[in-house]
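One chain, chain A, links the two complexes that follow: it is found with chain B in the first and with chain C in the second.
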Partner chain A sequence: MSERVVIVGAGPAGIRAAEVLTQAGLRPTVVDEGMRCGGQIYRRPPEGFTRTAEKLYGFEAEKAQALHASFGRMLAEERLAYCPQSSVLSVAENGLQVLTAAGLHHLAFDRLIIATGATERVAPVEGWESAGVYGLGAMQIALKSQGVALGRRIVLAGSGPLLTLVAAQLLDAGADVATVLDTSSLATQMRGLPLMLARPGLVARGMAMRARLGRRYLAGVRLDRIETSRDGVEAIAWSHRGTSHRTKCDAVGLGWHLRSETQLAGLAGADFRYDDTFAQWLPQADSMGRAGDRLYLAGDGLRLLGADGAQITGRLAASACLKDMGLPFPDMRADLRRMQRLDRFAAGLSRAFPWPAEAVRRLPDEAVVCRCESVTAGALREAVDAGASEANRAKSLSRVGMGRCQGRYCQLAGAEIVAARAGLAVAAVRRLRDQAPVRPAPIGALSSALDPTPAKSPSDVAS
Partner chain B sequence: MDVIVIGGGLMGTAASFFLARRGVKVTLIERGRVGSGATIASFGNVRRTGRYLPQLPLAHRSRALWGEAERMLGRDVEFRATGHLRLVFDETGRADMRRFIEAARAWDFEPEEIGQNELRARFPGIGPDAIGASFAEKDGNGNPRLICPAFAAAAQKLGARILEEQEVLEVARTARGFSVTTSAGRHGADILLNTAGAWGAKLAARFGETVPIEARGPQMGVTEPLPYRIAPVVGMWAAGRPNGYLRQVERGNIVFGGGAERTHVDLDRTRYAKADPARLPGQLAALLPLVPALANVSVIRTWSGVEGYVADNLPVMGASATTPGLYHAFGFCGHGFQLGPGVGDVMAELIATGKTDTPIGDFDIARFKGEDAAPIAG
Partner chain C sequence: MSMDGRIRRLAETDRPPVDFVLDGRDCRALVGDTVLTAVLCNAKTLRQAEFGPEGRAGFCLMGACQDCWMWQENGPRLRTCSTPIAPGMRLMSAPPGDWP
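Here is the complex of A and B:
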């Protein structure tokens, strides 16, 4: 029997990985949370929705359609097994715990390719815990999937390519985008430009999109606070060139470039290092995506190279997988060469649209850092003063990172605050240990599952 | 007199605090961070029901200290005397419960028996299939994440030295007492207190003392927050069933444990224990009879830690049988959380005065004299 390969994620990386494996005659299993393939960037609306690919994906329409079609063919020809609307909760011995609509399944694998993508990277702003504040990615998903603009009068704030893109897409869809506030100054953006010119076409496209925003777009903005009432967002207060401004709105979209989704990779045994370029913890892998014993990573969950990079790293991971199985594998030299260009561009992007470390470090004590557990910056600083200069200890004492999101949306900001208070480099604060389940796991679904390894004997009386 | 304490779990940090409070010069050496071994994985149960009866005097002493913890340590360690409710699901369980209640009276512990109707009236929603329960109203729960840092900080304020992230490399007898070499330097003292938890037997073995111990990791987890409705710690007179237990914290999350076999931890290969996701479904099935409404709630996090289980399921506590000046308090077999403050206080008393009125003879390390040094199998 040939080895069982499981791919987690049906975005560009997962689809291309599946392609390479099926071409080699394997029949991988693809597990994905989406209703349909495509991941986030090439997310598809539900069946029967009528917005065209050109409307949904713009310049990327052809690439999106090609990926969807490729996956559709593999599916139609039954060359892969597909588990849509399924969440991987954790990695158990040689298998995944997968939660589907029908309940919990144990999915055994011999080799695992993880392509879990990224989310927008959110930094706390005073008031961000209010209803009406969304991640930029969430705003884009609502638009792409359902044709919905979240908010009647929207302000987008943060930095990165997604900021401009979501603004342009919302405008195209007829939404009222009041203003677009970029915390990166034009001078900072220019510093990233030389590296970004590794992909001049993308730069030109970004600039054209930016131009369409006109005077709505402002660079070098400081976000002061999101003003809220019981009904949600009322306005956002911000400063520009020393002058304070207030923009009335009922929705704010926040995001500073992207954050790799790495928790599953961590549970599967990947090691991590703090990456200064991307200003976050990233899993360590070789140039092909090998991250451990029979473990491969691809796509934005490996590092943030965008959809084109994800397609390549997906192919690389599958190729490495074939090679390690002793099977014929495709020549990846051309792909590896293209990666250098993508890496230069990605480094330029990170330099042009940086994580707002200083603003996070200066958050007032009353600002909430951890939204799940409602922990303020002040409470976190108190925990540091009580001896918590390491991320896991700070979590233990302050509860930052203990909530439903498992620290996804507060870990980076929390680490900045701890580092500033303790006088450490942010990498020295270390990374939160990964704890299963990756997604909140409903007890009813779990307990009714056929347990593959039930407790052999009643446990002892100790408690 | 000066003391080196090896192991910064609950026993070590509590002992350091009580020693420092007696004016003894203390140095606590911990390989990682205080409280990150067994304590962090504790369920947080401050319970006396179901304990080995001769342990109750120690448990009473500890319970009194839990009540004073906030005042004593200068911070809230979230001890709440919300009561400990233990459900009965069948006649065997009821017989076990009654036997315990009857016998515990002689040890000054009197949990009440609650009938089925009273259980429904007083604790709606809890154990609808239970036929009765015991309730110990003065017991409750505390926060395992907070207790060790609190003891360590309070000890430090009293002059104790708390050395974290220092691995003990060598321990030797000297003319004066003991010399301990760590990854960061050398320390000397008259007295050595071994509170190294699951690693305690390895340290004892250096002094020719054998303790059959096995390291295991409990399966712990917590749900998303819910309205605060379950005040007492809820457990069961398992009587052969998978023995689950849970408690709701004031923030609303429900912490749970039990109902699944603990994992084996190979101390030669790792310092950490991991929760095994494969055991979670069975564990949750064991928990549901306690509060069936949990079926609609989600688990958001799981964890484990390294606990030391001694062959006879009792801890090792007291003076060394081979080496003057050496003391032990380790191997609490997953039931040390309630005992911790009391163990620290008793060990400090024993070291400072040479005696204690609290009976701990059953936990003497000499009980294993002459036994094979091989660890017991799981």
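Here is the complex of A and C:
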């Protein structure tokens, strides 16, 4: 019997990994949270929606369609097993705990490819816990998969390629985007440009989109606070060249590029290092994505290279998997060469649109850091003063990182605040340990998994 | 709380309607809407925050932040960004009175 390979994630990386494996004659299992394949950037609307791929994905339409079609073919030819709307809660010895509408299942594997993508990297702004504040990615998902704008008058703020892209897409669709506030100055952006020119076509496209925003777009902005009422956002206060401004709005989209989604990789045993370029902890892997014994990582959950890079790292991981199984594997030298260019571009992006560490460190005590449990920067600083200068200790004392998002949206900001208070480099604060389940699970599902009554099939019985 | 919706439809408005109930009030959405879209077309928030005074209306829309869970009159809580609206759903922005 051939080895069981499980892929977590059906975005660009997961789909390309599946393709390489199926071409080698394997029948992998793909587990994905989405209702349809595509991941986030090539996310598909529900069945019955009618906008064209050009309308949904713009310049990326062909790439998106090619990925969707490839997955569709593998599915139609029954060359893979597909588990949509299935959340992986945990990685245990040779198996995944998978939560579906029907309950909890154990999915055994011999080799595991993790392609869990990324989330928004968000820096807290005073008032960001209120209704109407969303990630920039959420603004894009709402438009793409539901055809809606998440507000009647929207301000987008943060930094990174998504800021300009989402603004342009919302304007094209007819939304009212009041202003686009980039916390990176034009001088800082210029410092990233030489490396970004590794992909001149993308730079030109970004500049054209930026030009379309006209005077809506401002660089070098300081975000002061989001003003709110019980119903949500009322306005955003910001400063530019020493002058204070206030823009009325009912929605704010925030984002500073991406944060790798690494919790399953951590539970599966990957090692991490603090990456100064991306200003976050990233899993360690070799150039093919090997991160441990029979463990492979791909996509933005490995390195933040975007969808093109994810397709490559997906193929690389699957190729490494085949090689390690002693099977014929495709020649990956061309892909490895392309990676160098993507790496240079990504490093340029990070330099041009940096994580706003200083602004986070200066957050007022009353600002909420943990949205899940409304824990303030002041409460976190008190925990540091009480001796918690390590991330996990600070989490125990303050609860920042303990809420139901599992620290996804507060841990980077939390680490900055702890580091500033303790007088440490942010890497010295260390990384939050990964804790299962990585998604909330109903108690009923967990207790039935402990029930010794056999489930539907032997492979379903939790160990 | 305001009865106006938070979100604005920009496209794909030719879908058939779906009727549901929000906090005892009859509401209408479209087939293919997520519960989040359906509710926020009819209200400003999904729920009250547990630890603060503010309302919440979701944050990431991709199942990662867990901000958008709502209650149902019957049945389990829902993560509204990843659950399609279904006819006759009876949603609540606050837990039922007998919740401990």
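Throughout what follows, the second predicted complex is superposed on the first by the 448 of 463 C-alpha atoms of A that agree within 3 Å, B and C clash if a C-alpha of one lies under 4 Å from a C-alpha of the other, contacts with A are read in each partner's own complex, and residues count from 1 in each chain.
Note that in this section a residue touches a chain if its C-beta (ideal position, glycine included) is under 8 Å from a C-beta of that chain, and two chains touch if they have at least 3 such contacts.
Bear in mind that the values here come from a model prediction, so they are computed numbers and not experimental data.
In the superposition on chain A, contact of A:Gln263 is made with neither chain B nor chain C.
When the two structures are aligned on the shared chain, A:Gln97 is found in touch with chain B, with no touch to chain C.
Set against each other, chain B and chain C differ in how many residues of chain A they touch, and the higher count belongs to C.
Contacts of A:Arg404 after superposition: both chain B and chain C are touched.
Of the two partner chains, neither chain B nor chain C is touched by A:Ser319. Legend: residue contacts after superposition of the two complexes on their common chain; A:Pro440 is shown touching both chain B and chain C. When the two structures are aligned on the shared chain, A:Leu89 is found in touch with chain B, with no touch to chain C. On chain A, the surface patch touched by chain B in one complex and by chain C in the other comprises residues 373, 403-404, 440, 442.
Looking at the complex, you find that chain A touches chain B at residues 89-93, 97, 104, 106, 373, 386-388, 390, 393, 396-397, 402-404, 406, 435-437, 440-444, 446-449, 451-463. Listing the residues of chain A that touch chain C in their complex gives 33, 35, 40, 45-51, 55, 85, 87, 119-120, 129-135, 137-138, 141-143, 146-152, 173-175, 228, 230-232, 250-251, 261, 368, 371-375, 403-405, 408-409, 439-440, 442. Contact residues on chain B toward chain A in their complex (touch as defined above): 33, 40, 43, 45, 47, 50, 145-146, 149, 152-153, 223-224, 235, 238, 240-243, 245, 251, 257-262, 275-288, 294-303, 313, 333-335. Note for the complex: chain C touches chain A at residues 1-2, 6-15, 31-34, 37, 40-41, 44-46, 49-67, 69, 76, 82, 84.
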